[in-house]
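Letters A, B, C and D name the chains as they come in the text, with residue numbers starting at 1 for each one.
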Amino acid sequence: MKEIMQKMRAEAARVLSSGEVDLVLGWEKGDLWWQSYPVFIENEKKAELLTWDLFCVPNLAKYLLEEIWHKKRVALFFKGCDALGFNQLMQDKRVDREKAFIFAVPCSGLVDPQKVERAGLHQGLLRVERLGDELTFVYKDREKKTAAPWFYYDKCLTCRYPNPVVFDFMLGEPVPVNPRERFTAVKELEGQNVDARFQYWQRQFSRCIRCFACRNVCPACSCRECIFDLTSPRWLGKATELSENQFYHITRAFHMAGRCVDCGECARVCPVQIPLTSLNRKLIKDIDELYGPYDAGVDPQKVPPLVTFNPGDPAAFLESKGV
Amino acid sequence: MSVAAKTQDFEPLIVAFCCNWCSYAGADLAGTGRMSYPANIRVIRVPCSSRVSPNFILRAFQRGADGVVVAGCHPGDCHYVSGNYHARRRFSMLRRFLEFVGIEAERLEVHWISASEGSRFAQVMQDITDKIRVLGPNRKLRDSR
Amino acid sequence: MRRIGVFICWCGTNIAATVDIETVIKEAREMPGVVYAGDNKYMCSETGQTQIKGTIVQQKLDRVVIASCSPRMHELTFRKTAAAAGLNPYLVEIANVREHCSWVHKDKDAATVKAVALIRTAVAKAALDTGLEPQEFVVTRRALVIGGGIAGIQAALDIAEAGYAVDLVERTPSIGGRMAQLDKTFPTLDCSACILTPKMVDAAAHPNINLLTYSEVEEVEGYVGNFEVTIRQKARSVDAAKCTGCGLCFEKCPSKVKSEFDEGLALRKAIYVPFPQAVPNIPVIDRDHCRWFSKKKCGVCKKVCPASAVDFEQSDVLIKQKYGAIVVATGFDLIGFEIFGEFGYGKHPDIITSMEFERLVNASGPGGGKLLKPSNQQPPKNVVFVHCVGSRDKSRGKPYCSKICCMYTAKHAVLLKEKHPEAQAYVFYIDVRTAGKDFEEFHRRAVEEYAAVYLRGLVGKVFPSGDKLLVNGVDTLSNQAVEIEADLVVLAAALTPRHDAEGLARMLGIGSDAHNFFVEAHPKLRPVESHTAGLFLAGTCQGPRDIPETVAQAGAAAAKAIALLNKETLLSDPCVSAVDESLCTGCLACLKVCPYKAISDKPLTEKVHGRQRRRLVAEVNKALCQGCGACSAACRPGAMNLLGFSNEQLLAEVDAICL
Amino acid sequence: MQEIQKARLPQLWEYLAKKAPLYLPQQEDGVINFAPWQEGARVKLESLNTVLPPKSIVFPQWETYLHFTQKARELKLTPTKEPEGSYILFGVRPCDVAGITVLDRVFLQDPVDVFYESRRRCTIISLACNEPDISCFCSAFGLEPGFAPAADIMLWDGDKFLLWQSLTEKGETLTHSLTDLLEVPTPAETESVQCLRETAATVQEQKWGLDGVKERAKDMFNAPIWDSLYRRCLGCGICTYLCPTCHCFDIGDFSRGERGERFRCWDSCMYKDFTLMASGENPRPTQKERVRQRFMHKLSYFPAQHGLYGCVGCGRCVRKCPVNIDITQVIKEAGGSISCA
């Protein structure tokens, strides 16, 4: 990772000094071990701020909405999931491909701080490093080594596009693609009866505090004004009454149908751990089943499945599974 | 009517979104033919089944509907050429999704009813009313206020 | 606060017998925004309308709700009433308390409760109504007729006669269509070509008609009054301006191909006119079969042409033209026979379709109209006709009746006897349907004077036996198996729309039924209009019919087109989608679901924190938009909103109806 | 000073829950929040901070305060009954108790918020922190991880027992009713806990000093930090909703036909419609002004108005911000010192 980080800094400095771009979007290391956050670099001297480590999880693509239109050109770094999000923004005609200079960073997985915490490895932790498939947790006076996948985000373990599908320049080598089955949780829920499922989701939805982080982080949520913020008509009441929360989550997910790139950011940022991925993946699974496999974000020229049709489509609403 | 005793005093509220050209006209024909169906059915007229956003359906459930019907022209017969094809995808997905979050799929029905199918309109409405009666009131999506 | 008036119609006893009007009035008065609630025995009557108009003025009503019959019945009536009182007609809402309430519910209490709910819903919607103004746009006074058969020719002639320019597009090299292939016509037995060819010539000669043969419609955009059509004029490889029609080219052409016009029973050349009376009488080169085009050899036609009209370099021409109205008259095909193996079609040359029979019996057809067996050119003795091959056959064919087969088969039986008096016709039928002027008489003549034997029943199998064909069938009247040794078997195949009709329907944006016949706007009252304004239907593309019906329908379609072209401007329905540009993200999901290509993108420049920002937003072409609302439902932030059925209104309706 | 054996806690909770609704940190689907105790509850006392602060109990995310009916042109209003205040909050960390103190400044000063006042009649039993998290910084604001002066009862974790001390009359009364469950600790036990308390305080204080932040923050309105900090902000409401001191609310109506109710609900200054006016004007037009507002309010405006910081250093926003916007960085910018462990 260090090598790539050096390349990142060098490339950023290069494109800024050559005047090819007037902004570089990357990640910067914070004070605490899990903090790697988006940074905006406009001066080649600041390229040294760039970092690439196991916590560079935020997708930089969505910042283009605010940053790109008044810039000449913006350079930015994409992991596999980020590139899908970028393509979704392309699909939605929200960004101009020509104005983005994309560095691809193949990614074999990032570390979920909550998993570190749950394993009790967080106290006194200074940093985490990776060599091959092994993580090293570095403390003041000791180190601990462990297998990396244990601490990867779930979304990374099921990642199907770790190598960016769109880029101008590749940093590093493509990594092997070896995703775990992503519909396990969905299938498990599908196997339950409808009341059990209701109780499950009722519990999840009642926790929602409507912070809208899931929406705001989502690369497919790029409306200028969100339907949930509108006051006229008022679709979503501001009270976090269960039915309003249900409306929010059902509608949010449904707006993602055929558009969700399955980057898992919504679930990552949810402070109350609502398994939003399961909602999104249920829709992905149904689309795959009913209308043929479709991966949003792979090809922005493809027509998304919910704004098109085939005269021979099944009428799946005639299915009856019984109550 | 074969209705279980416990649900006898439950009068379901069923909102039917009917497209103007086929299903609404079918409902008119049911009227002209005096084909009776339960008064639990209340029709909202829309130009096309493709006008119906899932938001309206959710709102109906929030506001106390026990069942929702979306009715449009038969595939291929859409007055607006392709509206019902879009509706077919949209509501195929929505119904499965509602079921996934624990809402009985039977509460949302989609039917193709042509302008000439007055008796079918009446029959479909009778059937869904019977079904919802057995299913009982919608408590899952209803706003508690 | 609104000032809404609610007018409740008794409709005699139709509503009042089941709905308690007094309760409804009382409840309506309590509804938000309602300042008046009144009733009338017949709201649509003169007195009812006077009451509405008077109240609008006296009570200064700004919205009107009529609780009455279906809006499909009287919405327009009451809109006009409101307009007469100075209210914008789109500020009127109808609560359908007759068809949807009093007529379908018996319990008075339940019906009354429901009527109140329906009125409350209409009131909630009306409160959010906005006055809408139709837009005026200019009509292009030119018509397009697609299909050069008798329907298209007739429609073109009628429109041209009214003084409007018409382009008549025909995909084969000549106009004439199916009717040109026929021999005699029932029930008068006059010669098809004799009555058709003068019309073909008229069409070609008419100063207002522009013939575009060997041409196909490729793209249709626009809307009523302003269609923009792209037509591909295929390369004829013969310069029409130079060709004299002498025919030397096809005389000398060495390539022989089965003639489509003769249903494959005779051969034509690679350079050809489909039939002698073709209009225009200018050959075309069938490039797929021409030696020059396949092997770059030959070129005989070019060498012999005295006018130097043959032009191998000619290429397709794309014509873009604007039209105010379009008449669709694309005609029919016959059902494919693959699924009817028992009749043996294709396995023996003497098993033919009725269309092939027409050619065999036609003086200009193969064999000069002698009606000989294709297998050995001998006169047939026993001829078996089979009705309903593919028609009235739910399981394998089409459920509908092809309508003309009974009559043309009777005609065939008659023609057979006239050509070969010793021959015998056997006709297997399900029912004989002869509804039409002089039809039954004609059928009786076939049976009585021409001794055709009618057998009620189905044919089970046809198979060759020596130089004969054995036909196994059942006569259900005598309940006996029948076996006939036939020389010729004629199958009356089901009529279907053209094989590519579905694609055309999509291109035009008109509806088609399960069998791909184009759908009329109303089966009774608007039989020649499609659902899409400005597009009219004529002939068998809409359903099976005979020549007089086709001609009548073509005339009617022409009349509708003329009425349209006669207007300088048109008013558009204002219930169309509108974009809130401040909400529009420019993702154009709306564009993808719009069936009318009514949505496009447009750049918008705005100031953001002191900087100029350019972004895309959706734009609705109000004349193209038909108001389906698919875009409004597809728009996530609700920037696209259908006027008259807006998000706000539907939400208010849902809320109100659920109370 | 008394103590209770941890083994007897379920007995205690059962007893308390009979007296009044008892809220304590419980785990559901991996998320720990304050929830009413019931038989079989998965209590997680050992976890440091709940996801949502106990603010969500004293000042719920939404509550109805008025019912109305509107017929024709006549409007009838019926205020909602004041909420029940006799409940117990158990296991509140000292920073969260301090958070409630901040809320008190807002809601209990004239005009008193009667709903809050009523809910504030609760009994707060605080649990001291022995080992604060790396992201905790309560001592930055003069708070002590081992003591919550505003609690009714203070508890210290001595591994197998909890040391118990009532701090108020309300706490005293409750303690008296528990004689069967409480015991007297040995001096060694008292001392071991005292030692833990001091260690925790020292560790925290080493990291932080806040001299002059208030004064420095006053001049920070035009500081360059705002120009960079906001750019990565997603504009979500996590920091505000998870904050034990954020207290902004909005008012909304829910109506069904002629009946309806008026409620208030949390709102967030991070949202762009927070300051949006009916005219379409927005005095905080970009995320920059919103981010600045939140921090300035915590570090400058609130202290200026109420004499205490609007932040208690619980670290929730630091931990949960999806893009790691970190108030400690702002404090550093404003002159606070930090010595990273």
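Of note:
Here is the rule we use: a residue touches a chain if its C-beta (ideal position, glycine included) is under 8 Å from a C-beta of that chain, and two chains touch if they have at least 3 such contacts.
Bear in mind that the values here come from a model prediction, so they are computed numbers and not experimental data.
Any chain bridging chain B and chain C, meaning touching each of them, is among A, D; the list is complete. The chain pair A-D and the chain pair B-D differ in C-beta contact count, and the higher one is A-D. Think of the whole protein's Cα atoms as having one middle point; the chain whose own Cα middle lies nearest to it is B.
Mean C-alpha positions place chain A and chain D at a centre distance of 30 Å. The mean-CA centres of chain A and chain C are about 50 angstrom from one another, to the nearest whole unit.
In terms of their C-alpha centroids, the spacing between chain A and chain B amounts to 37 Å. In chain D, the residues that touch at least two other chains are 254, 256.
For chain B, residues that reach two or more other chains under the stated contact definition are 55, 59, 63, 76, 82, 86, 90, 143, 145.
Residue numbers of chain C whose C-beta contacts span two or more other chains: 593, 634, 647, 651, 655, 659.
Under the stated contact rule, the graph of chain-to-chain touches is complete, every pair of chains being in contact. If you check the complex, the residues on chain A that touch chain B are 186, 189-190, 194-202, 227, 235, 241-244, 246-247, 249-251, 253-254, 257, 279, 282-283, 286-287, 290-291, 305-307, 309-311, 313-321, 323.
Note for the complex: chain A touches chain C at residues 69-70, 91-94, 222-227, 230, 232-233, 235, 255, 303-304, 306-308. On the chain C side of its complex with chain B, the touching residues are 70-73, 96, 98-101, 103-107, 110-111, 113-114, 117-118, 121, 505-506, 509-514, 519, 531, 575, 593, 595-596, 626-630, 632-634, 642, 645, 647, 650-651, 653-655, 657-659. Interface residues of chain A facing chain D in the complex, by the touch rule stated above, are 30-40, 58, 63, 66-67, 122-125, 140, 203-204, 207, 209-213, 215-217, 229, 231, 237-241, 265, 268-269, 271-273.
Residues 70-73, 256-258, 285-286 of chain D are the ones that touch chain C when the two sit in their complex.
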